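Listed next: structures, encoded as structure tokens.
Note that subunit A is present in both complexes that follow, paired respectively with subunit B and with subunit C.
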Partner chain A sequence: MRSDEVILMKIVILGFGAVGQGVARVISLKREHLLDKYGLQLDIVAVADRSGGAVFDQGLDPELLLKTKNETGKLSQYPDFGVEGFSGLEILDKVEYDCLVEVTPTNIEDGEPALSHMLKALKDGKDVVTSNKGPLALSFTQLSEAAQETGANFKYEASVGGAMPIINLAHDTLAGSDIESVYGILNGTTNYILSRMAKEGSSYEQTLNEARELGIAETDPTQDVDGWDAACKIVILANSVLNLERTLKDVKVEGISQITPEAMALAKKEGYLIKLIGEASQDVLEVSPRLVKEGSPFAVEGTLNVATLKTDLAEDVTVVGKGAGSIETASAILSDLLNIWKAS
Partner chain B sequence: MRSDEVILMKIVILGFGAVGQGVARVISLKREHLLDKYGLQLDIVAVADRSGGAVFDQGLDPELLLKTKNETGKLSQYPDFGVEGFSGLEILDKVEYDCLVEVTPTNIEDGEPALSHMLKALKDGKDVVTSNKGPLALSFTQLSEAAQETGANFKYEASVGGAMPIINLAHDTLAGSDIESVYGILNGTTNYILSRMAKEGSSYEQTLNEARELGIAETDPTQDVDGWDAACKIVILANSVLNLERTLKDVKVEGISQITPEAMALAKKEGYLIKLIGEASQDVLEVSPRLVKEGSPFAVEGTLNVATLKTDLAEDVTVVGKGAGSIETASAILSDLLNIWKAS
Partner chain C sequence: MRLNLVLELLDVPGQLLDVLKPMGRLGANIVAVIHQRDVKTDEGRVPVQITIEGDEETLNRVIDDLEESGIQVMEVDGVLRREKITTILVGNIVDQDLKDTVNLLNQLPGVRVADLDLKMSDQPERSATKIVMEAREGLKLDLLNKINEIGALKGFLVINEI
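After this line comes the complex of A and B, so read on.
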């Protein structure tokens, strides 16, 4: 932690939706702080999404990137340094950089284009930081091996639970314990719906509509309510925290659409709540509605995420945090970037 | 993480009560694992408590240390290598070692003998890992400065919340966010008493007696129920997580003995629970009974500890874990030892 010399980290951001824009904003917000505290300068040397891109080896202005995207919808309109017609792979080929921040939209069919982006970067020996669940849930082993072969850093704290720290917690903070299983509420939308149903006695359909109106559920909420978003996350935890080689097709998945107000009321009478729980251990890989005790850390309401690591020595360690949000998720990406810098 | 070469870390343990014995047990349990996974060998080269000590530069047998202490009450009875009449300071002077594990009994009057032990080790450039609240709550700045001067590592995750990871979580896992305040249930005994009072409607005195009978409260529970244990922990968090220079005398402390069943019932009617909360921020340093919402992460029951870090970017991040226990606390000490090794 010396601030007498400045280390420059050149970053390429692929994907410029909520998370990518959050990363630009966070880098802008923290610029002075990172320089003062760590002597670290994060330069965004290229950004691209489906609308085009911007490339400048001396560093793009994060605020101007945000302004350009928000006002014109097109990164290629960035003054002087806008580019069009380049794919993400071409940018990774042509630009000199240290770390890829991969935040393109999640695709749980084949993980693309993120999977190819990450594999190219890792094979070229570049560090990768991502919040992208798709490629990790489908091809974790392939990505880890690519990183190991070149010694590149591969970090993905933001892929599970946004700002809820769990992966680095297991790897670093709890290094002295072995993790035996992970158990968690990994999807904020379903937690919101189930919390409301428990509180109001309302039906699933009615509560889902309410969540849609509030913008908490998406117009097509399938990935959330059918359990696939949580399934991606539990696979990532199974691989990264438990060292199990699993993919999305190994998960037994059941969503929340069959839960009735009557079931809720019955559970409540006995001091329980119904939550959508993901569980991973040597023998179990499952997302399904389960009973949790009132007064336990799992009784949290709203869109919060919770996860418990069952350890051999420290017993249960639970973390609770915001599972989503542009800035929150970007903060986890920034933590990963900083930890790469610290370890270098 | 190369396992082709073995790194040896020589450890001195001062104090051999519940935590010290836990450390010996954990080192014994994890010996093979640490060698296989990290190529790290932890050798206990000296142990001492008020009963005497044992010193052997080739490494003492942790199981034999535990057996000797439990069967004879005296470490000096350790076969061949028992010693008598040496103070902790003399051992630190005479023995060649890398890291001091300081786990003598907590003293919140003057922090001794732990404070002198730690200062000597740090000034000699030796790493220090501790669970000892007293010296940290009284002399945090002095200890940190001593570590900075020689570049020694000074780690104390176990001093707050046993196996609940919070300090390293703030420093490492959440490196990308600034922490603005800490808020937590930092004492398991009082959380047990207050949870029972809320559930049973019983009086403070009656519940305290019940906790004493179960061994959850000590015969003299003053430090717990009057809030001093929590006060030590909130001071340590104020210093380590918020970079505020505070000591125990800066904390406004109120215990739980004045809480009545009537107050509990009133809170409950409105959807609240009463908990003993420690809070630290730029302007506040306090331990006192407060209302927390049912359904919030702070509504946990039993002897659990909970703490929330309010951050600038990741919003609230909360951790829940076992606040005490010999093996649990020792696991946090082992994590610190491993993180020293990883950073070396």
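After this line comes the complex of A and C, so read on.
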């Protein structure tokens, strides 16, 4: 049944890499479904990448955006509405919109340009949905205070665990329970490497190279293998789920590059696997290789993510899901957009 | 009152008798003993379940006496008395004096290294050791801190349980 009244949400997407393109695809795929079920129409009124952007207040065509990006690599080539050298901040200044989807490449040094984008949008009273870990891990308090001041929605489910629901699960579904701690496998690349090492008995260097060839590890895998990606995510969980004011520099981080086949073999002999675990509680904030029992929910293979929330009423709640991927991550962004719509 | 105990005994002749005799001497009645020699723990010890009866004071005395004489009391009425803690260290295990590492752990009151496994690598600094420790209930956090301290001191990567 189609609702009588169609509500329009005007969206600006900043960043058009894997996640940004996933968002466009998901909006295109779910157009009819959203209209039928919620009477909601998501119009992409502006998109920007490094080249510039495309702006059209009546809504850009998601499929044409994807086609333009794939064929030319530049959104500024979008027919009729492409603009060269249009910066994100300029777009936010000039375009009329309801919600910013901030998915520019993450920066864990100073969080820019995403941090400025989000602060501007929130200060202007616009809702923000993001998958961008860097600015959240560095300036969580600043961002949430900016949202509080104007009453804008600030949602970031996609920043931790991709499609794996964790933040909204803690805030909404587990409302009323006190969450004492959270820990999980929050990085798919390292989980892939450690799973392969456990299975094949191969060395860390060999397995990393294999992961690179398969495109699972990036050419420069430092942020993943040294634990910084997982560290960003555990900081976000510490802030959002445990209400602790923490930033990236508070995390004790140990990566996986020192894990040897010998250590793996000893662990397996005792019925354990070695996994890179992020843990946050009142007293602990760390990312480190840990022993998990074979056959436990944490014995997941491949690039899967898993996380456990320890609560007072519901005891342990554990979720597993795809931690990365264009469409998977976009699914979390879509759910944030819908939650904003539901709350309005 | 009755008390169910789970003990872990070394698999050598006379162990069970050494445990049971003092119980009678202290005035506790032995209600049941379940002892299967072919079921063993990872460390090769034999778990024994014993139910004893007596007044509270007597039963407490029995437990104290068992622990004083070095018997591993694992559970009392379903409550764990001892926790097993497994850790793996990666680094130059042997050069960094393995005996000293074990001693540092054993020095903690209520902690005992129960098992140790070593795997050498072609490159000595990439060797690994697995250490299984038993700690009295409530000591786990102290022990984990101590392990991390030793790791930092000796340049080991410490891989603790979740």
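Operating definition for what follows: the second predicted complex is superposed on the first by the 342 of 344 C-alpha atoms of A that agree within 3 Å, B and C clash if a C-alpha of one lies under 4 Å from a C-alpha of the other, contacts with A are read in each partner's own complex, and residues count from 1 in each chain.
The rule we apply is simple: a residue touches a chain if its C-beta (ideal position, glycine included) is under 8 Å from a C-beta of that chain, and two chains touch if they have at least 3 such contacts.
What you see is a predicted model, and the numbers here were worked out from it, not measured in a lab.
Contact with neither subunit B nor subunit C is seen for A:L214 once the two complexes are overlaid on the shared chain. More residues of subunit A are in touch with B than with the other of subunit B and subunit C. Those residues of subunit C whose C-beta lies close enough to touch subunit A in the complex are 42, 86-88, 90, 117, 119-121, 126-130, 132, 157-162.
By the touch rule above, subunit B contacts subunit A in their complex via residues 26, 29-30, 33, 157, 163-165, 168-169, 172-178, 195, 295-297, 299-301, 304, 306, 311, 313-322, 325, 327-328, 330-339, 342. On the side of subunit A, the complex with subunit C involves touching residues 183, 254, 258-263, 265-267, 269-270, 272, 274, 277, 279, 288-292, 298.
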